[in-house]
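Take a look at the structures listed below.
Both complexes below contain subunit A, partnered by subunit B and then by subunit C.
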Partner chain A sequence: MFQDILISGLVNSGVYALLALGFSLIFGVARIVNIAHTAFYMLAAYALYGLLVIAKVPFLLAIPLAVAAVVALSLVCYKLVIEPVRQHESAVLIATIALALIFQESLLVAFGGSFRGMPNAIEGVVSIIGVRVSYQRLIVLVVVALTLVATWYLLNRTRLGLAIRAAANDQEIANLMGINVGRVAMYTVGISVALAAIAGVVVAPVFVVDPLMWLAPLVTMLAIVVLGGLGSLKGSVIGAFIIGYVEAITVFAVPSGSYLKGAVALTIMIVVLLIRPEGLFGVVFEEER
Partner chain B sequence: MSRKLLLPAVAAIGLVFSQAVWSQNIKFAILGPMAFVQGENHWAGAEMARDEINKAGGISVGGKKHMVEILKIDTNEIQSVPDATNAIERAITRDKADFLIGGFRSEAVLAMQEVAMDNKKLFLGVGAAASKLGINVEQNYERYKYWFRASPTKDVDLAKTLFAVMGSVAQQIRTDLKKEVPKVAIVAEKTAWTEGLIKAAQANLPKMKMEVVGLWQPSAVATDVTAELSAIKRAEADIVFTIISGPLGIVLGRQMGELQLPAVAWGINVEAQKDGFWQATAGKGNYVSTLDTYAEVESTPKTIPFVKAFKARFKKSPIYTAATYDAIFSLKQVIEQTGTIDAEKLIPAIEKMEYVGTGAIVTYDKRHDLNWAVGKTSGIAVEWQDGEKVPFWPPQTKGMKPFKLPKH
Partner chain C sequence: MKGLLALPQWLWAQLRHEVLVLPSRSFVFFAALLLLVLPLFYDDPYVLRIITMTAIFAIFAASWDLLAGFTGQVNFGHALFFGVGAYTSALLSHHLGWIPWITVPLGAVLSMATGFLVGIPCLRLRGSYLSLATLAFPLILTGMLFAFPDFSGGELGISGLKRLVVSTVGNYYVAVLPMLILCFGIWKIGDSNTGLIFHAIREDEVACRASGINTTRYKLLAFALSGLFAGLSGALYAHFMRVAGPSALEVALSFQVVIWGIFGGIATIYGPVLAVFLLYPLTEILANFDMFKEIRLLIFAVIVLLVLLFMPQGLTPWIRDKIELVCPRCKNRNVFTRHQCRLCGAELR
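And then the complex of A and B:
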């Protein structure tokens, strides 16, 4: 049972980590609470479905095309919808909820409410420490690991990363130092949505694609970022692994209550918040940023 | 205007008005989640009924012919119960529907039932299985007598069918795999309609010489059940008994195939009833079997012609909510018999009616539920075999094919 928990938890945690990292990134840099974040994840899954199943584009070409299309759309949405109201946090919140619902309803009109699936990039299973794992799930793990490393590199070893971190620490000082904070925010939106889109395209062949698929991960993702500390990138990744493993343990420990895995994860979050209101790696006061 | 002109004008208007009344269409509100496959089938079945009836001259009410008009009422009930009650209210008050047909999600249909009863409108359910809908009729007949469950049978009767088929699947495992006591893992989504079936399975399967190795209840919208399937594999289950209406059915079928689980899935899996199941599981849903309503078998003399006509028109097979077709035709039968569309006069006639439909031979009990009988209202069982949905039960029905076990 231990091996099952180890493998199941690892795959789910990785996907959660990608989603939570992108969400935290844009909140940390631009203070944008992007409720549409998982809707972009859904759009990427549909884009892959459209390219792969309908347009018969090869897998290796379909994946970058789907991610690029969703990132481009997110930048258009940022310019047209979010940037004009960026200074008003509640307006941004409502605008992103509206965007998510528009995406959901548009997909419902375009594709109907049917659940859709697509073939794996590589078929077959492998046995790892006695647990059967499909190659597609291994691909998910590898892509998630590479993406997390690439994001770390971008943020810590490049000039853009330096600007992003500077803007995240203090926007006014970053502005005074000559950083175009508005442009950095836009780049961050692109990076953040790219992380969600990558999560969407790697899980699309494993999960089921439907116009409501953005809702369940949204709740989990919010729980993770609050648990890890709002805006903390390290906290998001660690929070993702905590929630992912709590879910896996719940399924194995209480089979007849496996539907409770989300509730158990949220309870853990509440307990942590009662002990540490700022989350595991969050900052206590806004002034400390 | 002079009186000489006024009188003929009033007479002419009266004549036009009375003709309009007599040539008024009979309006059937078709209620369903129209963006989803259940609603699409509600509507498709109703369209076929309308076209066939109108082509034959309409419905005769006391010697006068009336055309059938169907109203597409999107209840959006999968996403919102309040949307469903608003939709049925609109169908009754604004659209002036004469009859209400459809509904799918039990929670929403229970709420819509209240609105229909408030307005004393005949409501023929086509989709919801919760027993409570019929219990209401028994407990408060005067209020709920306007409700009839045209399809499917209530959840308790669905259980009877499930266990009847389960018995034959278990027997095949005993014979082919030499396992005297097959092991069963129950996988049920966590929703209201599954609770009675779970209790019934836990109580009855041991009596049928099967061992229940566990109950797994993922969320109805779970996108991943590999953890559950790993546990089921360790429990060495031979049968995965599914009670699933949502996307979980696809996820389960696909991941069972991916992980090469040496077990057969049998039960209710609404997604596996659809032609799109094979594509949705990326061709991995082999050996997934489910209760179903329609296939090209002689469930009734009308089944094969209906299924063929449906496929020819809509390029897909019907699912159970296409029984709106039967609901409209059964109402036609009683309207013509009684010569009225008055609900109060139609109810006693429907209670006594026997109607040979496309998926069932319909008679109602005191709860206005279908009387259950194998081969009459039990439905059929189908199994996915190499991309084909193959009907295999009840074996006495003409056109059934053998059930296959996965390779061990």
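And then the complex of A and C:
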């Protein structure tokens, strides 16, 4: 049981980390509470399903295609729907909810409401410290680790990353320093959705896909982001591991734990918020006194 | 004789000078009248059923607006109050066999207590933190209900509840009368001194505290009042649908009320109510047509999105600003055809 908790917690935490990181980025730079974030994760999973099972595209080609398609779609949505109402915070909020609903319903019409599975990239299992782990789960772990490192590199070692961090820190000053904040926001949307899409394509073969699969990770992701501190990237990753392992422990160690896993994770979030209202690594925004 | 006439005279004066002078208020007045007399000449049970549900959700949306719109505590977990109201009433009548006329108010009262309790941790949170944290509360409750299926009915919920009254028309009035009274009441709260303080808390809480207002007390009051009204709508819903299930606590319902509130225009009360009266029947009617049945939620979302692109502040503020002008001196509203303020005589343009 201990090994089950270890592995399943690691896989879930990795996926949550990608989702929460993307959400944090977009919140930090553009102050958008993107409810549709996990809907993009779902779209990527469905795109992979469509390409693999219906169009019979080989796996290695299908993954980049699916991610690219979802990122392109997100940029179109951002330009058409979010950017015109950027000034009105509440309008942005329900625009993202409406977008998520549109995606959900479109998939429901296109694929039906049933659960759909897809083949793994590589079949088979490997035994690590006595636990049988499927190759697909190993792929998830490797991809998540590589993506996290790549994101860290992008944010901390490139000029674009510097611009993103500057815009997240203070939009007006970044603008005065000659950063095109609008374009940086656009890039951030792209990066953030790409992270969600990568999470979607790697877990799609492990889980089944269905048009409501965006709701459960949405709630967990929001809990993680609030727990780690809104807009804090380090907090998002650490929060993802805390919540991922708490869920795994609840599922494996508590009777009727699969019902309670969400409740326990969310209770931990609320307890942390009571002690530290700005989350574990949150910064208090000056203008939001 | 004179004493007998005083009340009608006072009412007529109120009507003429407070209601009929403004197009928005006249519209609300006549719409309310129409809702009250509708079953007398039109008793299609299907239409009455839709309006009953709409009225129940209108209370729910108005209660969200009191908390999120006025006080600025944007609640993403408003379904919690709805669900607490529904489940309390259902559990009491199921396990103890009490009649709904007792359990529905009890559901509302327990929901008010829940609002108060949830408000305490929320006092420390602001802005987006508050929104995202409140999303958790209904899900925690759902998890606990699922963990005790013998008591709560698990995923199926509690079905076979008694209705408050038997007839369709009776049920219609049981929903519409509280809706009219409560929404007017909530609107009056928003217009009162308390409502002014709620506005002030949303705009600048620190300045509000600096003015000697105990914001803690007022925020808790907003949570409790909002919980009371939302709980009542939840309990009414449970007894009208004759089932209280986990769908009353769903994220989808919490999001639905956020959509209604923002679509109609926040901090107006009549905005969210109007939004419910437009959007809820729309999705129900679309379900009748085979070609729209599958895509009604899609149509719903697209309409919301398109309307917002043109009216980012919501539907009713956009319309209101077209047909009414704010007096630059006394800040009272006037119909757009006037050139001078009806109250202070200042030039409007």
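We take it that the second predicted complex is superposed on the first by the 284 of 289 C-alpha atoms of A that agree within 3 Å, B and C clash if a C-alpha of one lies under 4 Å from a C-alpha of the other, contacts with A are read in each partner's own complex, and residues count from 1 in each chain.
Assume contacts are C-beta pairs under 8 Å (C-beta built on N, C-alpha and C of every residue); 3 or more make two chains touch, one makes a residue touch a chain.
This one's a predicted model, so the numbers in the text were calculated from it and none came from an experiment.
Q: Touching A:G262 in the superposition: subunit B (first), subunit C (second), both, neither?
A: Both partners.
Q: Applying the touch criterion given at the start, work out whether A:V131 contacts subunit B, subunit C, both or neither, answering first, second, both or neither.
A: first
Q: Report for A:A223: first if it touches subunit B alone, second if subunit C alone, otherwise both or neither.
A: The second partner, subunit C, only.
Q: Given the touch rule stated above, what does A:L108 touch, subunit B (first), subunit C (second), both, or neither?
A: A:L108: touches subunit B and subunit C.
Q: Looking at A:M186, would you say it contacts subunit B, subunit C, both, or neither? Reply first, second, both or neither.
A: After superposing on A, A:M186 lies clear of both subunit B and subunit C.
Q: A:L48 contacts which: subunit B (first), subunit C (second), both, neither?
A: neither
Q: Using the superposition on chain A described above, determine whether A:A197 touches subunit B (first), subunit C (second), both, or neither.
A: In the superposition, A:A197 contacts neither subunit B nor subunit C.
Q: Show me the subunit A residues, by the header's touch rule, that subunit B contacts in one structure and subunit C contacts in the other.
A: On subunit A, the residues that contact subunit B in one structure and subunit C in the other are 108-109, 215, 256, 259, 261-262.
Q: Within the complex, which stretch of subunit A touches subunit C?
A: Per the stated touch rule, the residues are 27, 33, 35, 81, 84-85, 87-88, 90-91, 93-95, 97-99, 101-102, 104-106, 108-109, 215, 218-219, 222-223, 225-226, 230, 256, 259-264, 266-267, 269-270, 273-274, 277-279, 282, 288-289.
Q: With touch defined as at the start, can you tell me which subunit C residues reach subunit A in the complex?
A: 74, 121, 124-129, 131-133, 135-137, 139-144, 146-147, 206, 251-252, 255, 258-259, 262-263, 266, 294-295, 297-298, 300-302, 304-305, 308-309, 312-314
Q: Using the touch definition up top, name the residues of subunit A that touch subunit B in the complex.
A: 1, 4-5, 8, 11-12, 53, 108-109, 112-120, 125, 131-132, 134, 136-137, 203, 205-208, 210, 212-213, 215-216, 248, 251-252, 255-259, 261-262
Q: Which subunit B residues qualify as touching subunit A in the complex?
A: Its residues touching subunit A are 33, 35-37, 40, 78-79, 189-190, 214-224, 226-228, 230-231, 233-234, 247, 250-251, 254, 258-260, 271, 274, 276, 279-283.
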